[in-house]
Amino acid sequence: VTLADGKDIRLDQDRERRIGIAEAVLCAGKSVDQIARIIDQDTAPRRLFTRLDTSQHAALPEAARARLAYDPLSRTAVLGTLQPPLPPTRIAIVAAGTSDLPVVAEIERTLAFHGQAATPFLDCGVAGLWRLLEQRAAIAAHPVVIAVAGMEGALFSVLGGLVGGLLIAVPASVGYGVAAGGRAALQAGLASCAPGVVVVNIDNGYGAACAALRALHVAALPG
Amino acid sequence: VTLADGKDIRLDQDRERRIGIAEAVLCAGKSVDQIARIIDQDTAPRRLFTRLDTSQHAALPEAARARLAYDPLSRTAVLGTLQPPLPPTRIAIVAAGTSDLPVVAEIERTLAFHGQAATPFLDCGVAGLWRLLEQRAAIAAHPVVIAVAGMEGALFSVLGGLVGGLLIAVPASVGYGVAAGGRAALQAGLASCAPGVVVVNIDNGYGAACAALRALHVAALPG
Amino acid sequence: VTLADGKDIRLDQDRERRIGIAEAVLCAGKSVDQIARIIDQDTAPRRLFTRLDTSQHAALPEAARARLAYDPLSRTAVLGTLQPPLPPTRIAIVAAGTSDLPVVAEIERTLAFHGQAATPFLDCGVAGLWRLLEQRAAIAAHPVVIAVAGMEGALFSVLGGLVGGLLIAVPASVGYGVAAGGRAALQAGLASCAPGVVVVNIDNGYGAACAALRALHVAALPG
Amino acid sequence: VTLADGKDIRLDQDRERRIGIAEAVLCAGKSVDQIARIIDQDTAPRRLFTRLDTSQHAALPEAARARLAYDPLSRTAVLGTLQPPLPPTRIAIVAAGTSDLPVVAEIERTLAFHGQAATPFLDCGVAGLWRLLEQRAAIAAHPVVIAVAGMEGALFSVLGGLVGGLLIAVPASVGYGVAAGGRAALQAGLASCAPGVVVVNIDNGYGAACAALRALHVAALPG
Amino acid sequence: VTLADGKDIRLDQDRERRIGIAEAVLCAGKSVDQIARIIDQDTAPRRLFTRLDTSQHAALPEAARARLAYDPLSRTAVLGTLQPPLPPTRIAIVAAGTSDLPVVAEIERTLAFHGQAATPFLDCGVAGLWRLLEQRAAIAAHPVVIAVAGMEGALFSVLGGLVGGLLIAVPASVGYGVAAGGRAALQAGLASCAPGVVVVNIDNGYGAACAALRALHVAALPG
Amino acid sequence: VTLADGKDIRLDQDRERRIGIAEAVLCAGKSVDQIARIIDQDTAPRRLFTRLDTSQHAALPEAARARLAYDPLSRTAVLGTLQPPLPPTRIAIVAAGTSDLPVVAEIERTLAFHGQAATPFLDCGVAGLWRLLEQRAAIAAHPVVIAVAGMEGALFSVLGGLVGGLLIAVPASVGYGVAAGGRAALQAGLASCAPGVVVVNIDNGYGAACAALRALHVAALPG
Amino acid sequence: VTLADGKDIRLDQDRERRIGIAEAVLCAGKSVDQIARIIDQDTAPRRLFTRLDTSQHAALPEAARARLAYDPLSRTAVLGTLQPPLPPTRIAIVAAGTSDLPVVAEIERTLAFHGQAATPFLDCGVAGLWRLLEQRAAIAAHPVVIAVAGMEGALFSVLGGLVGGLLIAVPASVGYGVAAGGRAALQAGLASCAPGVVVVNIDNGYGAACAALRALHVAALPG
Amino acid sequence: VTLADGKDIRLDQDRERRIGIAEAVLCAGKSVDQIARIIDQDTAPRRLFTRLDTSQHAALPEAARARLAYDPLSRTAVLGTLQPPLPPTRIAIVAAGTSDLPVVAEIERTLAFHGQAATPFLDCGVAGLWRLLEQRAAIAAHPVVIAVAGMEGALFSVLGGLVGGLLIAVPASVGYGVAAGGRAALQAGLASCAPGVVVVNIDNGYGAACAALRALHVAALPG
């Protein structure tokens, strides 16, 4: 399967201009050979790669790997330079437990790639409600809050009643039985009794970060 | 379809002796004629009827209806006498919102039929957490807590981290979209991050009350 | 089921102070009697009622009905006064077809209740893409875009690649077969290939409006 | 992802005081590195680890492994000392078949960690009903009965008609086809025709044990 | 939509010759007009109509209704004569509760149409196991046993361990929540731990009766 | 919800030019008022309305109804003139049973609206295979075959092995239990062991007819 | 987890006497150690083991393996002797394709263990209908027919219209997409338009064979 | 499991004559030994093998492998010769992203096996709509268009409004969370708001190619 120009990759190089977010490359489901070709053919100065697991990364050609800044926890890689984000920090990331850290890290790295810092609030699961309540004011000071939770996802509704900014729920594929794959947490976000909670796909830390970036555009856009 | 003795009903008259809970008659799915025949053929002094909706009740023969103490909110009827339960009150019923009241009422009536009182705590949905927290001590003073919630069912996990007695979650068929039919709340109870939450079927107030009765046997039984 | 003070309703009167959005009353699943009691017991100057269908509204006591400003298309009612929202208009509502109008109307009324105006863009289904493309610039000028679509929900992804502000997808229960109940559109929003699309529950126009209000807080909040 | 104090773990050290059950660490879905850090940072004298599979356990650092009492069948480990529980034995564990033993063992270890003994009744599947009936009196002598079954989970309803104490159903992920993953057994517990059966998540032996502990609080609590 | 010969019905008049069971007319989903045309155009001496509900039956033209022997409980009608079946009775029908009677009646009528008698055993739900056990020998004396149960369908497995003849499970759409529509009972039959239980579609009393007829062919066929 | 020009309907008047099929109006889910406004505002000479049920049709204003040619079996209406289609007949419609006739009629009317005739082959369910086999040659003479079947949808695979033209499967919502809503037939079409069977949504006779029209374009288009 | 007598296995040694079928050991989900202990503790002269995959078998202790007659295609093993079954052959096994052979083999071995022969009819998928039709008479000569099919399972309905004996459908987990795991074929069997088709769980060759054995009891039993 | 003639494979050698498409061998779910036997026993001059993954291919006997032309991307192999297809090219293949290439390749190879060429249009995902729009005329020039997309499958509806030929949607198992396994894309194709889109099973490139071949028969067949 090849195109007339000998390439088989056509990235949406215009996306950043249109919507303020550059196309990222989702590596899950792609072969190592395809990822290497993308690195090779890409003409943009910087690119974010998501869901690049350690075995895919290890199998990349030496030359390709050398051009990537790779982080195994978040499974992200950056082609080109990644500057530490500058203040102010307008985004909080609240997570229910340790198992949610890969998603938290994907959010952090995606935001950092776009120049935004974030404050993490970890181990805030509602079974020990005091952990969340004692940080309530610090969380609510951020205009955008991203919440990450698996299992029953009760964190989304509790937070929704406590903070007034945009609240983005990321269901995590944490749990077993009826929670397997993150479905219960997904439904918890969608069915939340707290008004105005919004939801992204299961484990979609990248999408939650992009939604936060969009929300920050609200302040910047005319209106 | 008739049996040799001309009857077509064989209630489990021995159940109360075996397990301490008499068989109740679930009226949903039964015809008015069948319910009337059960009232007619039953030989026990008292019987609880559940899910008897107002149209079924209204269609019963005059004589049958006269023998029943009917409550439309809980959709329960009692054949024979119903004594007001005496203290002590060892069971709390915590509900998320107004739409959960039919389930709350079914729990109350089932407990009352078996001589147990209960204390209701209403409108404790987690989107307004203060309503639950300000009653936390009063709830936790009951050794058995029954929680009723629809939508995302976050109440179950929040309560599970606050009370040490038996916590029985009753998912309610309250909500729409992914919450329709009570499925999201059911999964929330099962996937709860709080330890030891137990769950009954959607809208099964009768079952939750029976589980509470079983738990009260724990104190009474040898061991 | 009554509480000690003779009331059985405890609205979250503090919510507006905490998160900037007052509690609304979801009428679906409540009896006419319960709704009337809420109207009677409520102590707040203004209240939004959602999912109040025409038969429920018609069955309310005369006095209660007289206090409500009711709109049958959106199935919302306002207790107290509803001022027409003032400019600027920072929210666009893009809908795929005529069947989505009840959801569009619920969004408009919820926003108006909170003082926000919105611009509707109707009949923008992607099967006739020109209808969307010819209004692209006008839509993108709004910092918040709410998209309403049933069936396969392709509108969400197409819009997601065209606008840079916050994009809130509302799946509508429009369609039959695999689209019945809005499930296909819900999945389309969650699985969107466009970055940063966020989703609310099926037919949840109220929730989408609240999320838009939260996003407008982003500009107002410190950060 | 690190917090200000250099730690990334915040266990709910207060939980045992609040509800009588200490937080356990669910190892499924956690990396070996995360588990090792929890062992390292934990300040409590004793801790239960669940779902620690043999490969995770083997990959832990020597020092961490030395501090754990590990049991491969139940996949649990105890940090600190585990005293053999003392009589009386108030909990029966009834299992349908050999494949349910890992769940049975998780229940036993969780109870033992909290000082409670339990009596196992194995291979009580209803296809050979005599095996259950001949032990009926012995089982019913326990005020709390935990039943473990996969496949169609008929055991739950049969037991529910025979014992009067609290009956906790644990669906096991035993079986294939429609039984795969334990869904059929889960539904059997929830839809049981026996009154007052309560259910926990699939394979959730830990949760069933915690529910039994809560039920034993019923006798201890005022009321 | 009409065919060349002016008819629009082509019944499988050859079926009884081929497989020993005549085609029946499933009335659910057919209009009254279509049912009337079938009665009019049918050339066979006898025909069984199933799922003919009382409102459809009442709306049929006088002439058509006069030719049918209608039974409202089973929702079946017979065109032509229906002889009472003669002994021996080789089929037992075991039902869990009163709500299953419409399915039991459909089985009885279908068998009677084909000349086979059946013995009903009612109210044999496993929550009161003694009711089943005291009739065990009488049931097991029939070479074919049809079991009808809704809710969790535990009856199928218990019977499967007690009788040696062919056991046909009919899940009934009895119950609510996870049991709604008969799905839980269906899975119970399929996942049964008892060997060799076979299952038909939910509420398919007609199909279960036909399967019993096929089984009776086993004795009659060469082999 | 109104637009600047006072209209709220924007039909895709350009569609027929682009793809050879005019936009049809799906009436399911639209209010009578909305349908009447569409009839009023539409500027095209002809329009097809689908899923217009008899109660909607009866409730339309007299003037609107007078402009429509309505057919209750197919639930379609035509605004403007409907010419009988001329030969040749290149499309066969094969249906499994009487209950499929509404879908068959929708296909016929949609094709006729676009000038195409079709030949119906009714009552071809595979349980009486001779009915299909005796018409096999007549069916296979049509370059496009549309098959309509509910229940288990076995017709699709059997036909797929017998005809060489395009085979379009339309699952019908005929049946109960696991077949309810047409899901089993849908899966049968998608999972067919016959090569190259294509499928449309459940009950989507309109879509199947449009696909047939697209296929007839194959002969007409260059290539 | 051990019992008082030091054993942890209690097989249903009485089952063959009760229902004519001995308990078999399902090895899926059991550890190698558990299987070895069963072989060691079993007191019966003969035992059938199912779902014993090649890696489990290879890992058994030498002594245990020496006592088993193992067949890798069917994944069955026999402890004790397996006599070749004698005529007459009353059971036909009809399979749709090569991928169904493991299920066919499990049926054959289970029947052989119980002394019954069977005739296989392979590659009878309905996409090439002639293969089935040319063997129709040979198949129909068997009073019991077991059909094995994955994908869309159309074979069940076609056969159901051609043979008059008992027809047992075994859905096979063959296929991908909507057919994955055998769900589509399962629904095809349950929703079959042919009268009296009965179904067992997906891939349950053992269960289908047991059902055939039960059916053969019909001829032998009084009645 | 062997047949009388010592073979166990009966391919449908007559299929090409009947419907113009030869039987292909689906290797997924078949053992290496079975595939080798098919290669050995097949009597046709040419045969297409699909879903032959690299590990299966590598494990085939040397002699068998030597007779196959294998392509790892499409996982197809050809027994016998494969001629490059000749113009004209009447089929376009439009794909949303790089992850869809294996499906694209399976389509290409299946078409080539049957002598048909195809033009690929890659990376046409709707999030960057310009990539699709700039090739719109080139795509629409093909009378048959096959679209491949995973995630939310919005491509199907957008294309459906732009091209007038037959449009075949192939959902791809690309994505995670609610998109996992291709279900969301499948529903998008079926629920499409564009008229006449037809759908095949998830990842079924082979089936889509066969449907295209059937459509090309439309031009060739009488009518």
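Letters A, B, C, D, E, F, G and H name the chains as they come in the text, with residue numbers starting at 1 for each one.
Note that contacts are C-beta pairs under 8 Å (C-beta built on N, C-alpha and C of every residue); 3 or more make two chains touch, one makes a residue touch a chain.
Remember, predicted model here, so these are calculated numbers, not experimental data.
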I need the pair from C-H, C-F or D-G whose contacts repeat those of A-B. Over half of the residue-number contact pairs should coincide.
C-H
Centre-of-Cα separation between subunit H and subunit B, whole angstrom
55
On a C-alpha centroid basis, what's the spacing between subunit A and subunit F, in Å?
43
Using CA atom averages as chain centres, what separation in Å is found between subunit E and subunit F?
34
Multi-partner residues in subunit H (2 or more other chains touched) are 12, 15, 23, 125, 127-128, 160-162, 175, 177-179, 186, 190-191, 195, 201-202
Output every touching chain pair, sorted by label.
A-B, A-C, A-D, A-H, B-C, B-D, B-E, C-F, C-H, D-E, D-G, E-F, E-G, F-G, F-H, G-H
The residues of subunit C that touch subunit A in their complex are 12, 15, 18-21, 23-24, 88-90, 141-144, 160-168, 186, 190-191, 195-202, 206-219, 221-223
Contact set on subunit E toward subunit B in their complex:
73, 98-99, 101, 104-105, 108, 120, 122-123, 125, 127-128, 130-131, 150, 174-180
Subunit D-touching residues of subunit G, taken from the complex the two chains share:
1-3, 8-12, 14-15, 23, 26, 28-30, 34, 38, 51, 171, 173, 181-182, 186, 201-204
Any idea which subunit D residues touch subunit E in the complex?
96-97, 125-129, 151-154, 156-158, 160-162, 175, 177-179, 183-195
